[in-house]
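What follows is chain A paired twice: with chain B in the first complex and chain C in the second.
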Partner chain A sequence: MDISIYLLLAISVVLFSLTSLLFFSVIIIRFRHRRWTKKVKQYKKDLLPPVLEYLEEGGDISNLEKYFHNDKSEYYAFVKIVTNLLSQLEGPDADRLQELLYLDPIFDHYYKLLNSRNDIDRVKACIYFSHVRLVNYKVIKKLEEFLNSSNMMLVFSAATALMGSEDVKIRAEALNSVAKMKGISDMALLELFHKFHSGEDDQLESEGEVLKEVISNPSITPENRALLILGVAERGYYNMVEFLLDKLKKPIEIWDNPDVLHALIKAQGEFYNVSSVDTIRQYLTHEHPKVVIAAIEELSDYGSEKDLTTYHTLLTHADNEVRQAAVFALINNDQNESQILSGVPDDLKEEIRNIILKFKTEKNDQ
Partner chain B sequence: MNEIRAILQEFVNFMEPTSWLFIGYFLFVNLTYILLVIISFFYIRQQQNYYQVFNLKGLFNSDLYRPVSILSPAYNEQVNIIASVEALLQLHFSDFEVIVINDGSTDNTLQLLIDHFELYEIDTPSDLPIDHKPIKKVYRSPIYSELKVVDKVNGRKADALNAGINVSRKDLVCSIDADSILEPDVLVKLLKAFMEEEGVVAVGGIVRIANGCKIEDNIVKKVDLPKSYLGKIQTVEYLRSFLFGRVGWDYLDSLLIISGAFGVFDKKAVTEVGGYLHDTVGEDMELVVRLHRHFKEKGEKYSVRFLPEPVCWTEVPESWSVLGKQRNRWQRGLADTMWRHKKMLLNPKYGRLGMLAMPYFFFIEMLGPVIEIFGFVYFLIVLFLAGFNSSFVLLFLTVSVFLGMVLSITSVLCEELSFRRYPTLGNIAYLTLYAFLENIGYRQIHTWWRFKGLIDYLKGDKEWGKMVRLGIGNSQTQKQKNKIIDRIKPAGYWFVVFGTGLLVLLLVVHVLIDHSLIPDIFSIISSKTGF
Partner chain C sequence: MPNEDPLILIIEDTEVIYELLKYKLKKSGYRFEHRANGREGLEAVTEINPDLILLDVMLPGMNGFEVLRQIRENPATKTKKVIMLTSKNREEDIMKGHDLGADRYIEKPFKPNVLMLRIEEVLGE
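Right, the complex of A and B next:
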């Protein structure tokens, strides 16, 4: 036979074997998964009653340890039960339930994963520790180590877990580490920021204090700083109002950035801080359109009649979004179409009319 | 007869020097596929392992996250429209709106919507940054404040989507087909792409086949394989295309396609590039390529992502003619996109896109059918003339079939390791069987459709082609109503499928006889019958 036929025959045999191997792998994986699911289902069936009994009648949590037989699927099933219940409970019941996650076999298992060299195992451990109240010093130390990792997933999951700490400084450090990261998305940072708040209103003040440091960190990108400022205002850290207003009054170095200034102005509006009006007014002539727009938007709500002249002047601004914001501000302050159009150069009148129409449509739409 | 043989022999002689082209192309294509499979296999596992990292909880307490507008263009969709919109309104997400764009339907689509949702007219937006056919009216529903219906002059899907983008008031726009079924948590899952990375401008999710599934109130209750041959074959195709094609390209940061049936885009980015293109039949791919080109040329950091976890279920055609038209249109769309963005091809300025993705789509996906058609014809003629060693031919065919199977089964394996949507072992066995069967007959027909699509593109055909929607779950009932003539039509396709199967069988028997593994049945038959 020709050599090419031998070659093709060999390839055919290899491919046939590979096809069979893949097919049988699929079947084996399916069987293994079924067995695992069955096992987890059984564990859940066995473990749920004692968990509920513990919740209803109390008792020593170590009694639950006898249900474990050093099997990963048991731990998985147990954590799943507890976290599912946790998502439906609040207050003291939730606290007592959280204690269950500290059962020795479970804790030891995840602590081992935390100390593993494999990032995937570490992430699994971080996800587990994000459900528990973080009090163990060794765990916290390990999680803080992960904040310096180059693996963004590990950093984020470690930071998320650290948000379970009662120590506001630890939480701030975690937030700081993520905010410094290049390439972190605004949504991820926002998610972490909302986890930063402990849920206890009496912590708002201390949280506000440490947030001042986080936001002032020069290593944070302007975009992330701006996002944190907006988050602070939305969450209602009122002890930061004056701090942020000061930065707006004297925007030097890291604060002198269009994104940051825009956020600082918006934050004052969100805080309903009427005393910031004069400061914001200075930004109507700022060189960056984004800053001017923020100033117009806030003054449109909290400004006075004397700003109307400025809005009229801004109708001829070089940037069309500034012109649009000025039109919206004038309508918002009860100026009618002819009042708005008076003094507008002829070549801009058509555009301004369209903006007025757009505003009305949006208003009706709302 | 001798004359025909002489002509064919001449053709074979003429093609002889190019035989290495076919073999080289075959190796190149399959090597590329194998590389994509390997990448996807590991990447999908990695994604699964990190899946729980970004769980969205706090974000929904904020007004600073990105809300979504779902754009559902509808043209003569009266069969499905109400159930489809009702299901969209039940999605689990904090802040979203549903915009149905009635693209000049000639049936009852609009009236059904008006009656069912008690729609009332609102002002038509005046600020329309993207160009499209005129909007006649815009409606809102007092029952669902998040529902808007746009009634516009017919202008095809791309035009309808542009109108939807103009009307939308959210940061992200999600384009779907009117008959797409989104899983309730699909938006939350898709949003993870925007969390994982900064600068995401588009994200696609996996499209799965709804034919055969048990569907109630436009929600997939039980997953099963389609009943028909074509449905099952397409299930294998879709798994392969999404679980190793798109996952692989996503890993390489070079994803060029986000399915028109399901994709989320950053509204600002889409508006910046001018929205969907009107005069193309491949508007989904064209938009993604244009986004890539735009941001590459601007030098801005951006990304286009594919996530295999969020699922959109869609009805696929189960008739040969409709499927043929669809594939023809896909090929024309591909060719059109390649032509419009030819500047990117092999252009290092566009990085991996120019040097990897574009050449792949140009040489393998676009020109592939041309080479394959010539290959098939050459193969048949050579076989007819028996000028070739039959063992070689059979082995070459075997290698080609097994390679196809390895690729398809790897996607089934990826599915099994990650999502396990197909619940029974019977499903797995069927998928494996059809991974084999698709190589015999269907693949050749599919190549012909794509080849014809390319020719039609060169002829300037920009027709969408009529897609017959039976309505998911209605296929069986409809089938019974079909006329006899409609049943006879696909006979030609079945002839090719069975013909190819017979040819392969004859080849196997021939080889077995050659090697004296079985008696020479051909001689026995001829001696007994006298033929």
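Right, the complex of A and C next:
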């Protein structure tokens, strides 16, 4: 037989084997997943009544341990029940539920996963530890180690768990690690930032102090720095007002970035800091449209009559969105259509008229 | 002989919450029925004629506000007592529920014993 036929046969056998392997792997994975889901469902059904009974009747917490049979799907089901209930309940019942997460078999299982070499197991452990009070020194150290991982999911999960720490510096380090990551989504970073706050308003000052360091870290991407600045303002860290205003006054190095400047300007508006008006005014002539728009929007609310001339000048700005912001600012400052259109070149008049119309329609709709 | 225990309709899709409510209601001697989505819940209101409805806002199929609106629009069910389970810090939910005529609101996360007190209160009115 020709060698090429042997070769063709060999290739066919290899391809057939690979296809079969793939086919059986999929079947096995699906089977295992189905078995896991079925087991978890059954465990949930078995474990929920004793949990509810404990909640209602009290009694010795360790009595619940007899329901465990050293099965990881059982631990998973139990934690799921408790955390689902915790997300819906508060008061003494929630406190008692919280205690269930410290049952020895549960804690030991997740502590073992935390020390595993497998990142998926580690993430599972992080999720568990994000629901318990972080008092165990070894657990905290391990979670801190994960902050240096190259696995984004692991870093984020560890950082989320560390947000349960009472030590503001540990929480700041966790936030810092995530903010440094390129590719982390805005939503994920904001979620973490939201968890950074301990919930106690008397902590805002100390949290603000460490946030100054996080936001000033040169390793953080400009987009994440901007996001954190906006978060700080929305959350009301008032001890950061002057710090952020100083950066706006002298924007050197990491602060001299359109996204960051935009956030710094918006933050002053969010803080209602009227004393920032003169500084913001300088940005009406900034080279980047995003910065100019932020300046117009803030001055439109807090500026004075002398800004009207600048808004008129900006009606001929090369960027359409800047022109639009200028029109809105003029209307916001009680300028009528003929006042706005005076001095506007003929070729732009129709566009400006349309923006005025759009603004009025939006206002009427509100 | 007719059963005198009040009948409560739970319209709630979160399994653990339903199980918790079931446990509590059973212990307090109430009868109950459960539906896990808005549309079925609305149908059950006319079918089983409950004394009180525990209605979650976030439901699949039809949200709790729409269920409440339709309960209030139907002459046969408009006087039904309804306790709404809303999310905390969602003032607009409470305002909306109030406009639609809910009898009470319980904000999640909630204290189960407070909910039981509200149930007693509303049934006693």
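Here is the rule we go by: the second predicted complex is superposed on the first by the 288 of 366 C-alpha atoms of A that agree within 3 Å, B and C clash if a C-alpha of one lies under 4 Å from a C-alpha of the other, contacts with A are read in each partner's own complex, and residues count from 1 in each chain.
In the analysis below, a residue touches a chain if its C-beta (ideal position, glycine included) is under 8 Å from a C-beta of that chain, and two chains touch if they have at least 3 such contacts.
What you are looking at is a predicted structure, and each value in this text was computed from that prediction instead of being measured.
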First (chain B), second (chain C), both or neither touched by A:N364: first
Touching partner for A:I81 - first (chain B), second (chain C), both, neither: second
Which of chain B and chain C A:A188 touches, first, second, both or neither: first
First (chain B), second (chain C), both or neither touched by A:N320: neither
Dominant contact partner of chain A by residue count, chain C or chain B: B
Touching partner for A:E56 - first (chain B), second (chain C), both, neither: second
First, second, both or neither for A:S216, with chain B first and chain C second: neither
Touching both chain C and chain B, counted on chain A across the two superposed complexes: none
Chain A residues touching chain C - in the complex, by the definition given at the top: 44, 48-49, 52-53, 55-56, 81, 84-94
Touching residues (chain side chain B, partner chain A) in the complex: 49-50, 52-54, 56-59, 61-66, 122-127, 140, 169, 191, 194-198, 200, 389, 391-392, 395-396, 398-399, 402-403, 405-406, 409-410, 412-413, 416-417, 420, 425, 428, 432
Residues on chain A engaged by chain B in the complex (per definition of touch): 1-2, 4-5, 8-9, 11-12, 15-16, 18-19, 22-23, 25-27, 29-30, 33, 120, 123, 127, 153, 156-157, 160, 183-188, 190-195, 197, 227, 230-231, 234, 354, 357-358, 360-362, 364-365
Interfacial residue positions of chain C with respect to chain A in the complex: 14-17, 19-20, 23-24, 27, 108-114
